[in-house]
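Chains here go by letter, A, B, C, D and E, matching the order in which they are written, and residues are numbered from 1 within each.
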Amino acid sequence: GCSSTGGKRAEDRAKKLAANGSAVNTPHWTFAMVTHSGAGDTFWDIVQNGAEQAAAKDNIKFVYSSSDQGDQQAQLVQAAIDSHVDGLVVTLAKPDAMKAVVAKAVAAGIPVITINSGAAQSKEFGALTHIGQDETVAGNAVGDELNTRGRHHALCVLHEQGNVGLEQRCAGAKEKFHGRMDNLYVNGTNMPDVLSAIQAKLQSDKSIDSVVTLGAPFADTAAKAKQQSGSSAEIDTFDLNPQVATSLKNGTIGFAVDQQPYLQGYEAVDLLWLDRYNKDTLGGGQAVLTGPQIVTKDDADALLSYAKRGTR
Amino acid sequence: MSDLAAVADERLAPRSTARRLLGRPELGAVVGAVAVFVFFAFAADPFLQWSSFGTVLYASSTIGIMAVPVALLMIGGEFDLSAGVMVTSSALVSSMFSFQMTANVWVGVGVSLLVTLALGAFNGIMLVRTKLPSFIITLGTFLMLTGLNLGLTKLISGTVATKSIGDMEGFPAAHDLFASHWTVGSVDLQVTIAWWLGLVAVATWVLLRTRAGNWIFAAGGNAGAARAVGVPVARTKVGLYMAVAFCAWISGQHLLFSFDVVQSGEGVGNEFLYIIAAVIGGCLMTGGYGSAVGSAVGAFIFGMTSKGIVYAQWNPDWFKFFLGAMLLLATLLNAWVRKRAEATA
Amino acid sequence: MTTTTDTAAAPLVALTDVSKSYGNVRALRDVSLEVHAGEITCVLGDNGAGKSTLIKIISGLHPHDSGSYAVAGEQVRHASPRDALDRGIATVYQDLAVVPLMPVWRNFFLGSEPTKGRGPLRRLDVATMRGTTRAALLRMGIDLRDVDQPIGTLSGGERQCVAIARAVHFGARVLVLDEPTAALGVKQSGMVLKYVAAARDAGLGVVLITHNPHHAFLVGDRFVLLKRGTMSGSHFKEDITLDELTREMAGGSELDELTHELSRAPAAGAPAAGDTPAADLPAQDPPAATDPETRA
Amino acid sequence: MTTTTDTAAAPLVALTDVSKSYGNVRALRDVSLEVHAGEITCVLGDNGAGKSTLIKIISGLHPHDSGSYAVAGEQVRHASPRDALDRGIATVYQDLAVVPLMPVWRNFFLGSEPTKGRGPLRRLDVATMRGTTRAALLRMGIDLRDVDQPIGTLSGGERQCVAIARAVHFGARVLVLDEPTAALGVKQSGMVLKYVAAARDAGLGVVLITHNPHHAFLVGDRFVLLKRGTMSGSHFKEDITLDELTREMAGGSELDELTHELSRAPAAGAPAAGDTPAADLPAQDPPAATDPETRA
Amino acid sequence: MSDLAAVADERLAPRSTARRLLGRPELGAVVGAVAVFVFFAFAADPFLQWSSFGTVLYASSTIGIMAVPVALLMIGGEFDLSAGVMVTSSALVSSMFSFQMTANVWVGVGVSLLVTLALGAFNGIMLVRTKLPSFIITLGTFLMLTGLNLGLTKLISGTVATKSIGDMEGFPAAHDLFASHWTVGSVDLQVTIAWWLGLVAVATWVLLRTRAGNWIFAAGGNAGAARAVGVPVARTKVGLYMAVAFCAWISGQHLLFSFDVVQSGEGVGNEFLYIIAAVIGGCLMTGGYGSAVGSAVGAFIFGMTSKGIVYAQWNPDWFKFFLGAMLLLATLLNAWVRKRAEATA
């Protein structure tokens, strides 16, 4: 039987196909991006989408790889150098692990751009420029926003233990937040565990008045946990996805802080191309910031359709 | 042959029913469970609330549903490292099929059942055909499924998560079956708890009272001997892998219908939780020994411990440390109780 | 040589020129054997001669490399022991086919469990299983304390008896026994031989492997002698004496030498009541070639 | 009863009122046993009587629950088989203590590997190990193709021979053998008895378990009879005849009945050359109580 | 006994040296390695460069260093799930001790050695004392170490990573020992490769030519029998766990001295890479069989595959899928070659 509501047909009907195809006639260069992301992370998925779109436009072959272990990430950069790529985009979540190998890339004449984390080290390592937003700064923005909203006791839900980026987000929020902030580690690959852990936490401490999840997929689960444990805490989150946009719209989620991951990927590839093509740089030696942007109910409507197509 | 009469045997020390009960594999684990419960009852005030009990039961049931077939598989002498991601695969198939075909969600659920069973059969058939260790075979499946989950989801949905099917036909009914919950007094009971207990009951019946159960014990206890007396060892093992797949399908549907959306990267690592539950519950790593009830107790111990630490509000940085220490202590207690029971029985 | 028999029908089991290698070890070369209904075929031979290998081919545990294997005249190639069992061939293996951690009664019925009820309620007939197991073992002189104890905790001989009782219980047409009495006590050995004879009388074909020429000669109808993987002889009972059989099994001439050495040994101990040491010898296996009758 | 002996020194091994339970199974109750230098102590009994359990206590594999255990007059409590080995007690276990996947020569020397070289260069003396293994087995009449093959691929009897050869090779003061000849061929059984006698002559104390009263009577100096976990008798060789021994082992009266049943059995086959069925019986184990001499 | 002379035995089929070689466990894996190599040589252009070879060797060596003792442990019949995080623990101890005490880094390295060996001894002693399966014991250690790594690092350093010790006394020398590299022609060879090959050589010597090696095989092949003939099984197992700890220390020091800074959350999951390498290299999951050289070949296959996929620039979403498929194929080929070799040998 067919469903008369929802589904792909509904989506197709709503979909506006964006024009595609390369607009330049530069050689078919290969750019590699090596990040510290785990597999299947929504944030990095959007970064990739941005990079791919720029690559399509600029006639670039785009190669992505990632590992959440510092030494593995360094090896992946080394593999990119071995493959003689024409440009390299890296994240410096673990700057010390990347130092030597980035220097190697620079020495091999490969232009390097850093994105997301590593604003402080980017220049020192010899990168052209840095695009994005330090996780700490994003965290700070959350702390400020919580203060604005008059929260007193927040819960920071880390969906992976020992992940540098997540720790920075929480630490950044804690730094600026005037109230008390607790950490909660959950097993991000096990959604029922996320649900029951947040639920347990909310049951055991009724004074928690806001829950901050560090990734969009966990916001909805936190909302569910809140509902099932009868708590009245507000759910806030880092990053966007269609569900978060919808929830923002209908008020289940208070706010989301967005770093515009699409921009980080898109701009990195585009700037590499500009460097190759025209020796252009952006930012004048300063990092190019892509956020943080606080997204609330008011912006949600506008962003929903972009989130649905995977670019916000 | 007068001295062969079945009178009370002088070579047997008398043994009370209580002691006999204590000698059963799962009842060692029960003592561990009670200890963990008592511990957290004192260490964590909110732990004794009825509502907390519902949360702990839910956490236990999501592991327990898979721990049952994994325990059976371990009794049958094999592992399944792909069990964790298979749950996600099952949810993804169901969601994406319904969505892409704009079909009633029940169609997706049915297709997912077939696909998941096929995955289980693949594991089993590869195992008996190649005679490689199950660790290697299912590790291969694990990696391949992890890749497929991500690759196919991105290929089809364009993102790393599926689209919401919450507004599609058939969703409410499917939600009721796989992800509903009732409120009894102040306890919120998820339907997974019913699935869990049902599966434990069926598995116990199969293990102890059917030919298949006999074959499972034999296949794990001594595959060569089992084959020699005519037990269809290969068929039994394939069947066990399909049982794992079936439960992965249930778990997967729960995942889908309670969260509407499935993240393609989920499930990795959960296979070990299932194995942990089975082992705490008394299954031997080497096969041939264990019980379904034990796996349930193991899942319950795990659920209580992981949630109890949260209720106790201990420093979260040390979460894993406490988890490890508690599990070790529970298992040690379990082993100690069993040894005592055997020695004095 | 063993092609014509008085039993008219095709033999229950007929192996012709069967060979089998394990990797580069040639365990059997061109061995032929026939098992007829109501007859006991004894396979005799030294350690490592290939007796168990032959058994394993008959019972479907190993496929043979070359030669032919017919059951009741029909050419077969067993893919698994199940096939052989389904053709009515029940086996007691030397390296006992039991599952140590399972209770005795489950082991007894393993692979042929009786059930009751129907459909989803079909279940093991546990009461029957326990009862039958206990009774079958009692008949063999094994009084088990508890049929629920894991079979791995039984003594070697008790385990052997379970395996034999099981094969006898399920043996439909052919009963194959690999050194069944090796681990058994005096009483149990007698029981087993009695069972073997009874099975033969009931019309079953029996293959019996033993190192004891006396056991073999007592119940056997034909004797196949293996030596280092090849057939070194095949005799009907009427064609051979116990003495010849023993000598052939022990490899002939070397034995005498050994007997002399051994016969000196007990002299170091206290003299046996009534018997001279030499008179002891015939009664036990190894130097049986010095049977009083033979030497006389 | 076995307290006074002609050998003046303290017995090599003395167990007094030893008991042992496995969980709720009382396998041994108040068993006493002495092993003297230059003597062979035979432990006899039905299946499941507790013989192997007794052996395992002597060899340090299981601790005893009560009673006392003295080696050369000194009270001991072995924590592991290593302790027993260090006190010169070498054992052949019934459920063979071999590591199936390891080559024969490594199994032979397992736990007592000879080495050469010193310091970090200290290494296994592989040439000696292979050579000794091969030679020791050849002496037992086992001509191994390849001492490098995993011991799990040997036949049951071959494996048994390796275990015996190992114990004999390392046996310093006491040699303990649990049914060593059970799986052996005619020739090998003779060899083993010869070894046992030689060990005795060399002044070792030997404990021999067997189901074969003939074997026992041939080489044994004292006999300990176990029945359902308790001692049912203890005799010197000079106090007992083979016939009495056999009868006691088989549990007395029931045996005659069995012998009659069995003696009818072979009559169904072709008549044996020269011998009557009844005359066959004495030569094999179970109904040995009907030895011609005895019946006469 | 004329027929017992050691002449050529008619029961043995003739067997050439080449075939005999083919029958060795590790040489099955070698065929798998060659196949993977040839495959990527065609599929990935940069794979055949000398510089890539250096990268692949480095990747293999970081797994291989740990795969050696893990293989030994598996031959000895046990697992170590804590091997992955123990590497991180070792690096953390070394770094934090030096930093906090402002001591020469060699002091930290020494303390780290002691602590890591103590961790190994803990695993081993717990195992032999409690007689619980090693899976449970080392799972407990794994969880506890994961918690300790994070908890202690945050307690001491305030963040999830340690402070840099790059400017401390003794660093250059320690860097040379654990993390230097030489350039030979256009190949960049890391010192870990030397450590790796050295460990393989030592382990092979120990396994095949020492009493300890004999005991390892026996402990894994049949612990009961080994104990019965006087092998100190408990001591052997504790020793094996300490060998794992020792290699974890080497790996940990490499991690520290090549990156100056250690992330406390790393290492989780690597234990399986080590086990994978050992199993691909022919170690039996059930113990008693395997080789150190095999584990090296296994690590090499894994290194080639994981880096080869990157060099081939395949869609990264499918990375895991390709990895799983390649591993399965390599192991299947390995098993097939061994079977053929045995059958025709």
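In this text, a contact is a pair of C-beta atoms (placed from the backbone, for glycine too) under 8 Å apart; a residue touches a chain by one contact, two chains touch by 3 or more.
These numbers were taken from a predicted model, which means no experiment stands behind them.
Q: Looking only at C-beta pair counts, which chain-chain interface has the most contacts?
A: The chain pair with the largest number of C-beta contacts is C-D.
Q: Name the chain whose C-alpha centroid is most distant from the C-alpha centroid of subunit C.
A: A
Q: Provide the C-alpha centroid distance between subunit B and subunit C, rounded to the nearest whole angstrom.
A: Centre-to-centre distance between subunit B and subunit C: 45 Å.
Q: Where the centres are mean C-alpha positions, what is the separation of subunit A from subunit B, in Å?
A: Those two chain centres are 34 Å apart.
Q: Rounded to a whole Å, what is the gap between the Cα centroids of subunit C and subunit E?
A: 48
Q: With chain centres taken as the means of their Cα atoms, state the distance from subunit C to subunit D in Å.
A: Here subunit C and subunit D have centroids separated by 23 Å.
Q: Would you give the residues of subunit E that are in contact with at least 2 other chains, written as numbers and ranges?
A: Those would be 1, 3, 11-12, 146, 150, 319-320.
Q: Of all residues in subunit A, which are in touch with two or more distinct other chains?
A: 39, 161
Q: Check each residue of subunit D and list the ones that touch at least two other chains.
A: In subunit D, residues 25, 145, 254 touch at least two other chains, as defined above.
Q: Which residues, counting only subunit A, touch subunit E once they are in their complex?
A: 30, 39, 61, 63-66, 69-71, 74-76, 78-84, 94, 96-97, 99-100, 160-164, 167, 171
Q: Write out the stretch or stretches of subunit E touching subunit B in their complex.
A: 130-133, 135-137, 139-148, 150-151, 154-155, 269, 272, 275-276, 279-280, 284-286, 315, 317-325, 327-328, 331-332, 335
Q: Residue numbers of subunit B touching subunit C in their complex, please.
A: Within the complex, subunit B touches subunit C at residues 1, 3-4, 6, 9, 11-12, 205, 209-211, 213-215, 217-218, 221-222, 224-232, 284, 288-289.
Q: Where on subunit D does subunit E make contact in their complex?
A: Spelled out, the residues of subunit D in touch with subunit E are 59, 61, 80-82, 85-86, 91, 93, 96-102, 106, 109-113, 115, 122-124, 126, 134, 138, 141, 143, 145-146, 166.
Q: What residues of subunit E sit close enough to touch subunit A in their complex?
A: Contacts found on subunit E: 46, 49, 51-52, 55, 58-59, 62, 146, 149-150, 159-161, 164, 255, 258-261, 263-268, 270, 307, 310-311, 313, 316, 319-320.
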